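Which chain is which? They are A, B, C, D, E and F, in the order written, and residues in each are numbered from 1.
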Amino acid sequence: MRPSGRALDELRHVTIETGVTRHAEGSCLIRMGGTHVLCTASVEDKPPQFLRNTGMGWVTAEYGMLPRATHTRSKREAATGKQSGRTQEIQRLIGRALRAVVDRHALGERQIVIDCDVIQADGGTRCASITGGFVALRLAINKLREKGLITSDPILDHVAAVSCGIYAGQPVLDLDYDEDSVAGTDGNFVITGRGKLVEVQASAEGAPFTTADLTALMALADRGIEALVLVQRKALTE
Amino acid sequence: MRPSGRALDELRHVTIETGVTRHAEGSCLIRMGGTHVLCTASVEDKPPQFLRNTGMGWVTAEYGMLPRATHTRSKREAATGKQSGRTQEIQRLIGRALRAVVDRHALGERQIVIDCDVIQADGGTRCASITGGFVALRLAINKLREKGLITSDPILDHVAAVSCGIYAGQPVLDLDYDEDSVAGTDGNFVITGRGKLVEVQASAEGAPFTTADLTALMALADRGIEALVLVQRKALTE
Amino acid sequence: MRPSGRALDELRHVTIETGVTRHAEGSCLIRMGGTHVLCTASVEDKPPQFLRNTGMGWVTAEYGMLPRATHTRSKREAATGKQSGRTQEIQRLIGRALRAVVDRHALGERQIVIDCDVIQADGGTRCASITGGFVALRLAINKLREKGLITSDPILDHVAAVSCGIYAGQPVLDLDYDEDSVAGTDGNFVITGRGKLVEVQASAEGAPFTTADLTALMALADRGIEALVLVQRKALTE
Amino acid sequence: MRPSGRALDELRHVTIETGVTRHAEGSCLIRMGGTHVLCTASVEDKPPQFLRNTGMGWVTAEYGMLPRATHTRSKREAATGKQSGRTQEIQRLIGRALRAVVDRHALGERQIVIDCDVIQADGGTRCASITGGFVALRLAINKLREKGLITSDPILDHVAAVSCGIYAGQPVLDLDYDEDSVAGTDGNFVITGRGKLVEVQASAEGAPFTTADLTALMALADRGIEALVLVQRKALTE
Amino acid sequence: MRPSGRALDELRHVTIETGVTRHAEGSCLIRMGGTHVLCTASVEDKPPQFLRNTGMGWVTAEYGMLPRATHTRSKREAATGKQSGRTQEIQRLIGRALRAVVDRHALGERQIVIDCDVIQADGGTRCASITGGFVALRLAINKLREKGLITSDPILDHVAAVSCGIYAGQPVLDLDYDEDSVAGTDGNFVITGRGKLVEVQASAEGAPFTTADLTALMALADRGIEALVLVQRKALTE
Amino acid sequence: MRPSGRALDELRHVTIETGVTRHAEGSCLIRMGGTHVLCTASVEDKPPQFLRNTGMGWVTAEYGMLPRATHTRSKREAATGKQSGRTQEIQRLIGRALRAVVDRHALGERQIVIDCDVIQADGGTRCASITGGFVALRLAINKLREKGLITSDPILDHVAAVSCGIYAGQPVLDLDYDEDSVAGTDGNFVITGRGKLVEVQASAEGAPFTTADLTALMALADRGIEALVLVQRKALTE
């Protein structure tokens, strides 16, 4: 029934490959089916201006999509001279999601920038960016701890994200592009390793939805996050 | 217990004054306590480029905040040369919310632009913009119907929005600035007159939240929207 | 003879309502007929860079027009990414006009920013901005004096502005949009409470004009300013 | 008494050299003392969009200053990414001044762009731009007439501009930088060959001024313009 | 003697992997040692405006570097709002290089955009972009030919690029970052499969160089290009 | 055979007039046939940020073209809001070329900015900018030495630039616009007074070229530079 033949509650095949770029303090390439996002974590010695002399650090994110990650080439944002509203909305979401599991006092006065660059897009790029971004962040913090620059672990829990939506009248897990482009309702769920909610965003693309619909989507999301956290753990222990 | 002395499920005093500006096809000033937003609807003869020759129209929104709407003066976006990520995120939300209750075929090949300009801010400006924006839109469409330019009503239902959050450990309705700036969890709920969901956005500002928390916030939101729709109806029939 | 039926030397109905916004140190809404401008004064602790350590302060202005203040919606400058030449010219004029009646040594090392936002436009928005901006400035300085931050009054005189022009061959006072859009010659006159000139700008829109024309316009302007200063005084004493 | 030793009503030495650049349809280099401006007129086949199919043409101006035209190097506007408010104000003035002596029906559906680039600045660059810009415009229109593209002469009169101000308590003609930087009142006067006024702009830089002051400045301006028109005529007949 | 232990005339290990992204008409990932560039070719139905109705097509290139491709994170150009001079210079070079081996009449009225995005940088990114960009272009044109949209092959020859420079007083082939950052003279050589020159760019970073130095660098470049063309051929036939 | 009637190895008539603008520390107007470039050198007390406390100075260049320097008017870069890729490429080249003959330790912690503004263009503007820019730089440094601010001369040699290309099948020196617009191969050669190479840039505009072609162009360039250095010396000793 789904274009991909997946079960309603079935994630796409997910892999996370770590250490994919030489210079970044943490990096991974996450593949959720046809969606491939390169995530890097860069550690900067200083926090942003508004946190100087507070003892606290910051985690922020930037998001980009290569021009030909999509079916038809989209304009390069560096050439058009500004980031679209969509880009800014996504990178703000990624940053909030990751900060929700970071103890910024334990991180100390430094900043970690997570860059999420979509190499190939097939729906769900913001969710993949959060799931992969967590792994890059974890790796960069591991490096800070190995160097003795951080004593207590600032990471409080895992965090991952998945989209769910109403496709052809049924709640389904992990929408791909074919589903996403026609789904009536579409949501992104950012959930921790212990099953707590960090961010819930659900939108009616066409007809409004009910509380029961939202409950069904959240149940699917819970199952998806559990599986994604296992993939994160596996990538981090290899 | 709330800084304003309101009950946990009590909205701020809400008024909607229509016809506040001479030139716009529809306009209102919505006041939700200390949050005042001027909403205007402008009808344009042509739809955006991507809808030419489709028989369908479009509703879009722009959002701005006067520099001294806030406690300390913020920079004028026209002077800095770009709209912030926050501004863009809000105006995309307003547009989606309003389009959810519009039959774009019935609207025909035209565009209605809703401008929401915050004159004074005290929390909840995006929700007030949606609630007031609906009234401006309704008035502009009434004018099109009076002129015989539209035959069947393109508006399918009311839509309004309210914020809810966990303040001092308790779910509360309609956060003002004092509450919003310290709330642990904060959500915006866009709901139709018939109680269907259009958009749910809930974020953990500090610790993650539970499904039960979200359910409690949604129950409050339902009550708030009912009251807001009554205010809309009253403003439209006066 | 005038579209509004006013006498040649008759101002539109003018009101200035103070204290219209909660956060600004000084604020007013000036209405000159159908032209409505919200003026706020924001006090900043520091002067601009070029005045550090000089003992002197600064008064500057920013001007904006809500997109639907006009007959047809104009583009939001924050969205187009730059302020038009017209906007910049007007805000430079407002700043110069207000500084002309301020003793910047008595003001001390601080800056006052006057924001003039046009809510509804019907000609003469720059003049209304100066007349209302003076009231906002006066109120903000009163507050500084009440707090004992300023000892001697930095305001040397009132200042107000009015437009005059040659309409249908006759010099007329306080052009509204219907007159302004067809006037042959159009001038803006910024004059102090004691009748001294701060700024005179007169332009031929069509055929050039004579010195006698200019003299006639200036005589009208003198009368208009006298009336406007009375309105300012009344607003400030209520 | 004046830093330059000039009489109160004495212009600086003015020369206008025509044909200074090979490609432009009209060009001249105007030197008013130490202020040197290169003015070119470029004829474009089409009028701006808003004049298509009206039978009328347009004259517009752009103004620039080479980075080291001034005492200390100023930033190149092309590098900073925008034209300053001052630049935009000046080029709008030049355009209005020149259009005041052009019959836009006789010009026909085309546009003439006057570029005024300041090679060396010593005060009065906007006035020199208008005076020189007129010569470039006249030459370009002569060429259109020679080619038979225009039958009746669209130029109705000469136009020139000069600054006057109150320096050391005395009204003086044609301020140079040393005078301009300390003058209490400063005005720019754009006047036709027949002595009609096109634009009058007078500002108090310090204390406000009187109507009598303005009258004195205008009398000086009249004399200055007479002399400048003679220089224009001489340049055009050589 | 070289930091990498390579012989003076030895290329880094080079691989070109094709078909690395699903949507592009042609794509490859070129790795020259630690420099990894993703090259995609996107076919657009229409040529740029200046070639409409000429029967000719166009090949152009855009270049970008992921923020953490480098030792320390560089700012994202989309966020700073403009492409640096370096980026623009490189993408102009890539475009010229590829057009030199394309018969634009045979290509017909269409445009091919080559995007070169540096995933990891270790010197020589512009040369790798040209070498990889050619492969992506070749693949996209193959697809056009398979579809019968192009009849005669518009590609006239291979083209590849390599850098050479004077390192520690010796001419060396294919500088990596460690060499490039201290090299006295540095050149980029774009050469065809038949050994003809397309572009030669050599710069003295420190002391000027001699004609003999340039000759030595060109001899090295010739050998390097021969090897690179073999890698291209291998990638294209697999 | 050449459109201008020049011999294959003949430069255009070249003159360099120094002291052409009052304010700059060094200035000249270079005319290479119909190409006229105004070059000024501005001395700034401080080096750029990255050289603070290194004891070294910097020389940089900016390049601009007046809108009507060309056959048809080009848009003013200050108005379009950004410098084109071509402009940036040229100004980077001029800066590198001049730094190649400057001992930045001897210059000390200051910056010299060379502005090259093209008044009239007829091909070869970047080469004329380098040749003239050197003269402006030399004059500014002379002034620093006269003031005793610099003790040992930071200028190590002359530097000049010339273009050569293959026109109608023949290598020719110093292309003008008529030749440049049709030349098959086109190169810019930056060479010191002692005949050492600073920068070699040769491009195939159409068919690729051979090593022998490049050798022929370099021989022509050597002769041209010798002549240009003589013109520089003459201008500097007058």
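The rule we apply is simple: contacts are C-beta pairs under 8 Å (C-beta built on N, C-alpha and C of every residue); 3 or more make two chains touch, one makes a residue touch a chain.
Note that this is a predicted model, so its numbers are computed, not measured.
**Q** If you apply the touch rule, which chains end up adjacent to both subunit B and subunit F?
**A** none
**Q** Between subunit D and subunit E, which partner chains are common?
**A** F
**Q** In steps of 5 degrees, what rotation angle do you get fitting subunit A onto subunit F on the CA atoms?
**A** Superposing the C-alpha atoms of subunit A on subunit F needs a rotation of 120 degrees.
**Q** Measuring centre to centre with C-alpha atoms, which chain is farthest from subunit C?
**A** Most remote chain from subunit C, centroid-wise, comes out as E.
**Q** Using Cα averages as centroids, what's the distance between subunit B and subunit D in whole Å?
**A** 51
**Q** Provide the C-alpha centroid distance between subunit C and subunit E, rounded to the nearest whole angstrom.
**A** Computed from C-alpha means, the inter-chain centre distance equals 59 Å.
**Q** Which integer distance in Å separates the CA centroid of subunit C from that of subunit D?
**A** 28
**Q** Can you list every residue of subunit E that touches 2 or more other chains, as numbers and ranges?
**A** If we look for residues of subunit E contacting two or more partner chains, we find 81-82.
**Q** Under the touch definition up top, go round the ring from subunit A by way of subunit B and list the chains.
**A** Order of chains in the ring, subunit A then subunit B onward: A, B, C, D, F, E.
**Q** Within their complex, state which residues of subunit A touch subunit B.
**A** 82, 85-86, 88-89, 91-92, 96, 100-101, 157, 187, 192, 196-204, 207-211, 213-214, 218
**Q** How about subunit E: which of its residues touch subunit A in the complex?
**A** 21-24, 27, 34, 38, 40, 42, 44, 62, 64, 66-73, 76-79, 81-83, 87, 113, 115, 117, 119-120, 122
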